[in-house]
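Shared chain: chain A. Partners: chain B in the first complex, chain C in the second.
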Partner chain A sequence: MARLTYPLRPWRGAVLLIAGIYFLVPLLASLVFTVDVPGQGLTLESYTQIFSADGFTAALLRSVGLALCTVALALLLTLPAALAVRLSGSGRLRAVLEVVCTLPLVVPPVALVAGLGTVLKWGPDHLATTPLYQTFVAIQNPSFPLVLVFAYVVMALPFVYRSLDAGLRAVDVRTLVEAARDLGASWPRALFAVVLPNLRTALLNASFLALALVLGEFTVASLLGFQPFAVWIVQASGDNAQLSVAVSLLSLLLTWGLLLVVTGLARTRGTRGARKSRKKEAV
Partner chain B sequence: MTTAPPRTGTALTIRGLRRTFGSAVALDGLDLDVAPGELLALLGPSGCGKTTALRVLAGFERPDAGEVLLDGEDIVPVPANRRDTGMVFQSYSLFPHLSAADNVAFGMKMRKVPAPRRRARAAELMELVGLPEHGDRFPHQLSGGQQQRVALARALALQPRLLLLDEPLSALDAKVRVQLREEIRRLQLELGITTVFVTHDQEEALSMADKVAVMKGGRLEQCAAPAELYDRPATAFVASFVGTMNRVPGKPTSDGLAEVLGVRLPVDGPATGSVFLLRPEALEVTEGGPDTVTSSSFHGASTRLTVRLADGTEVKADLPSHAAGSFGAGASVTVRPQRRPVLAAGEAA
Partner chain C sequence: MTLTTTTSTPAAVTAVERPTQRRGRRRPGAWLAAVPLLAFVALAFGVPAVAMLNGALSVDGSYGLGNMSQSVHGAYWTALLGSVKLAATTAAIAAVLGLLLAQAVVTSRGKALREAVLTASGVLANFGGVPLAFAFVATLGNAGVITTRLGLAQHGWSLYSFWGLALTYLYFLIPLMVLTVAPALDGLRPQWREAARSSGASAWQYWRHVGVPVLLPTLLGGFVLLFGSAFAAYATAASMVGSSVPLVTMQIADALSGNVLVGQENVALALSLDMVIVALLVMAVHLPLQRRSARWLA
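And now, the complex of A and B:
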């Protein structure tokens, strides 16, 4: 509140203006480029083309599916580990977990995909006679390449772990669990009734980051020869400049919308809980 | 608490409790008896094992050996969530995502008590701890003292057989602390609930408890009523830990008495050694003499003088403030013990 009483300094406006120009001008230019076709005047043809273009829906759904799987798997891996480390109170284990989860930041996606590609090529040759061969085939199913989820989980690990760790820092997990157990809650109930609700923001933040990462990922998918949304954009638009810009704009809007939904989820849940108990002691 | 008949309280017995963490011994064979409805304070310096003892009672720590009997039944194998104990923690432990009333009702929810009854009982408990209007507040909207009241209500909600308090007042302001401890005691007496209270504050322990158990190094030094603990400490450690104690040179005489500061006094226990223990209020100070006042500090009704005796020993003496007015720093005085039994310091400490 106190901030409102500060005099509006002119340089703030200048910074805002410059930032606005930096971000908005390219967007507006792109928009104009897609709707103002020379010789045809204003037309939305580029956009209508997208939806009728081959593979648009499939690629989009594939990306969203990959993103959701990545979020689920990444949380399933990190959350129990982070909680266990907190509850054990072992500083050494915590350091190990932190290093392990931060490691992927050091490995560039290109290196990751090079390794992954080698294994994918080598594996089937050596395992042709074992049931694992089928596994290799299954995870590379082009309509839903599970192998990408594994790669994305590794890439998302640092971000997911960081946001969870920040959330865990804010609450005294151990005392909360003990208080819940003392009041008759079993371990699973203590976890679901007390710990997870208090980590909601952290969980949403983690999901948010993982989602954004997967939806925009190009390198790994492209080099492994799969076609999620980002790769599809590049391929679909190679020959049509207007179409490609239109798709970029759309995907930007889409990602932005998705992230808004996630943030909105955090807010509505919070206020609903507060309103309920304000109305009546929601015991 | 009008709906439930007053409980008669549960007897708690602890036998030979041992717990080690690696090479550190937290509990080294602890024995304790708490009568039904009694408030026992576990007192000791940090690291004496008092918190570990409480956590064993709550079921958060498994003892390496020993038993914990509630009305004669060993509860060591019972997991924490089926123990029927209510605990108030040192740090604020309310669930941040639940309102105060929901916090209080949490235990009942776990026991599947129907919602209307939960609500009614939670309101009743909030009233009991003096916060009838705060049921729909969230923990972050409550002061520290209010949070601990809610935590107390939450711990009492299931009518536990044993109430465990882990330094619940240590994070609070001095004034709130005193007020809340009186209230905890009032409630505890009213409900007749057997209670174990961990604290490192001897004043807190002496003013609230029926019995105080002083611990050191994982063992019980002495367990007695506050007055007895103060007047007749069993060991030198208890004597120095509870209240202020002067260590004064003296010598035992042949007839079983001891000569301390020139006065022959009866001795509690064996009169051995050359050091005797005297409380500050057991000393009399008169004008003129070989001893020198080095400082005086005013405590309202009483004034504490620090006096250097002729042989160099420093002692503390408490006088009524009206009598101490003439003794400023540097005054020459004589210190004499009142004719009360003294305690030999023994070899230890």
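And now, the complex of A and C:
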């Protein structure tokens, strides 16, 4: 596409400069804050003591576990529905799903947790004598609170559904499936060998959004009284401000790394797939 | 999952094979594939939502508007207004600055700059909550690096204020706006600009009559998204300012955990309902506009 070339105008330089300052200064200042401790001089102690800090590993592992469960459950629920919309072309199903997957955006996490907390209180209040009570206790197990996974899936749903829907829009799923079936592929094979590889980028995007959401989530977990990573940082900050800032910086790096891995995966797999298909064409 | 897809897809294929009958026919298979999702949402989202509605509207065992009216008076009303004001201010500023930044990046010749800014936006838009609060406390808090080095405290600076919180929110709102508006800016065809220019339009006239009208739905959509994020934000404010800036999310959290008074749970639910109503109102402005943007930026 022929783009107009714009002369380098002063406003563009100014905008980029101001943005650069605004976005870099807090990161650099945080770094200085963690390594230049008053009374101790330059030290890396804030970083070295992270891993031995009380409860760090347990909280981090809990968060990672919750994040992986959330991604798995969100994809398992959303993918069949989004695929069915594209394969059937049903306008009504599409409209219903769009409304259902937009609704969680209207209810802020604090409001969701207010409702959720009310429901969880029904357990001891009304259901104590029924077998359902055991379920209520089980999903609130503090070492792995399944109820958080449910809340996170609801919160991630709009992003996951949109990402998958955009990915499905870009490929002609119906023709792909038809072609695969005509060539004798079974249904699972058509799904796993043809449809899913074409959705790789969308799946990775959806996973990244859900992972980032869960790893940084504080509101729901803290108000329901559980202690994943973000809640742990706040509690640790009371004892050691340097430590909590150091962990915050690391969590930003973690998000950055995660995004790089996701885009890297999408790119390398994508080109490999393209190369393969080109080879096939040549044959 | 395999089970539901296998049951759904044969029906879908018959629909493909008989395209003339595709419309208006019921396909139970397709709905079957959506059942797990719909059931999950009903259970994990619908039930709490109904519980919230029920609790917000019940007073001493019967239905009434007592909680709702309590939630729009006194400290609760101040907090609700404070949240709306903070969200509207930060969303408006972030929308303008995000647009400027995105335009600066989209029209730059260097591809590396564009890639770098968009990737950084993807990361920073997700850098909310607790870590963001601590990064700003370390930078501009009372003992923050910039505060102490520049002696900002003597000039009356405090991070634990409305504008301190606004400055912090912009850190994730601007990248969010860049991500939202960059694709739309890419969709502005150079031909439109050329046509405007060869018809003798100035840059200002081009933006006034072509650029902004085409972008307006995207900009408003971005604003709604930013407003929603800032309005719903709790973690940043809670781990940073405590209760020095009145916000509705913190009032709800306080009432839920019984920090203020015991037995305020229903007021918390009423406040939650207030938040949902505000979010719905803001969204209602945006939905009809979304259709218009699709026509131009397809």
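Simple rule for what comes next: the second predicted complex is superposed on the first by the 255 of 283 C-alpha atoms of A that agree within 3 Å, B and C clash if a C-alpha of one lies under 4 Å from a C-alpha of the other, contacts with A are read in each partner's own complex, and residues count from 1 in each chain.
Throughout what follows, contacts are C-beta pairs under 8 Å (C-beta built on N, C-alpha and C of every residue); 3 or more make two chains touch, one makes a residue touch a chain.
No experiment lies behind these values; they were computed from the predicted model shown.
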| item | value |
| --- | --- |
| Touched partner set for A:P197, first chain B, second chain C, both or neither | first |
| Chain B versus chain C as contact partner of A:A236, first or second or both or neither | neither |
| Which superposed partner A:V71 touches (first chain B, second chain C, both, neither) | neither |
| Partner contacting more residues of chain A (chain B vs chain C) | C |
| Which of chain B and chain C A:R181 touches, first, second, both or neither | both |
| Which superposed partner A:L93 touches (first chain B, second chain C, both, neither) | second |
| Partner chain in contact with A:V160 - chain B first, chain C second, else both or neither | neither |
| Partner chain(s) touched by A:R189 [first = chain B, second = chain C, both, neither] | first |
| Doubly contacted residues of chain A, that is, touched by chain B and again by chain C | 178, 181 |
| Residues on chain C engaged by chain A in the complex (per definition of touch) | 1-2, 4-6, 8-13, 15-16, 22-23, 27, 29-34, 36-38, 40-41, 43-45, 47-52, 55, 97, 100-101, 104-105, 107-109, 113, 119-120, 122-124, 126-132, 134-140, 143-146, 170-171, 174, 190, 193-194, 228, 231-232, 234-235, 238-239, 249, 252-253, 256-257, 265, 268-269, 271-273, 275-276, 279-280, 283 |
| Complex interface listing, chain A residues touching chain B | 171-172, 175-176, 178-186, 189-190, 193-194, 197-198, 200, 273-274, 277-278, 281-283 |
| Complex contact set, residues of chain B against chain A | 58-60, 79-83, 85-87, 89, 91, 93-99, 101-102, 105-107, 109-111, 115, 118-119, 122-123, 135-136, 138, 154-155, 157-158 |
| Chain C partner contacts - residues on chain A that touch it in the complex | 1-6, 11-12, 15-16, 19, 22-23, 25-27, 29-30, 32-34, 36, 76-81, 83-85, 87-90, 93, 96-97, 100, 103-119, 150-151, 153-154, 157, 174, 177-178, 181, 187-188, 191, 209, 212-213, 216-219, 222-223, 230, 233-234, 237, 241, 244-245, 247-249, 251-252, 255-256, 259-260, 263 |
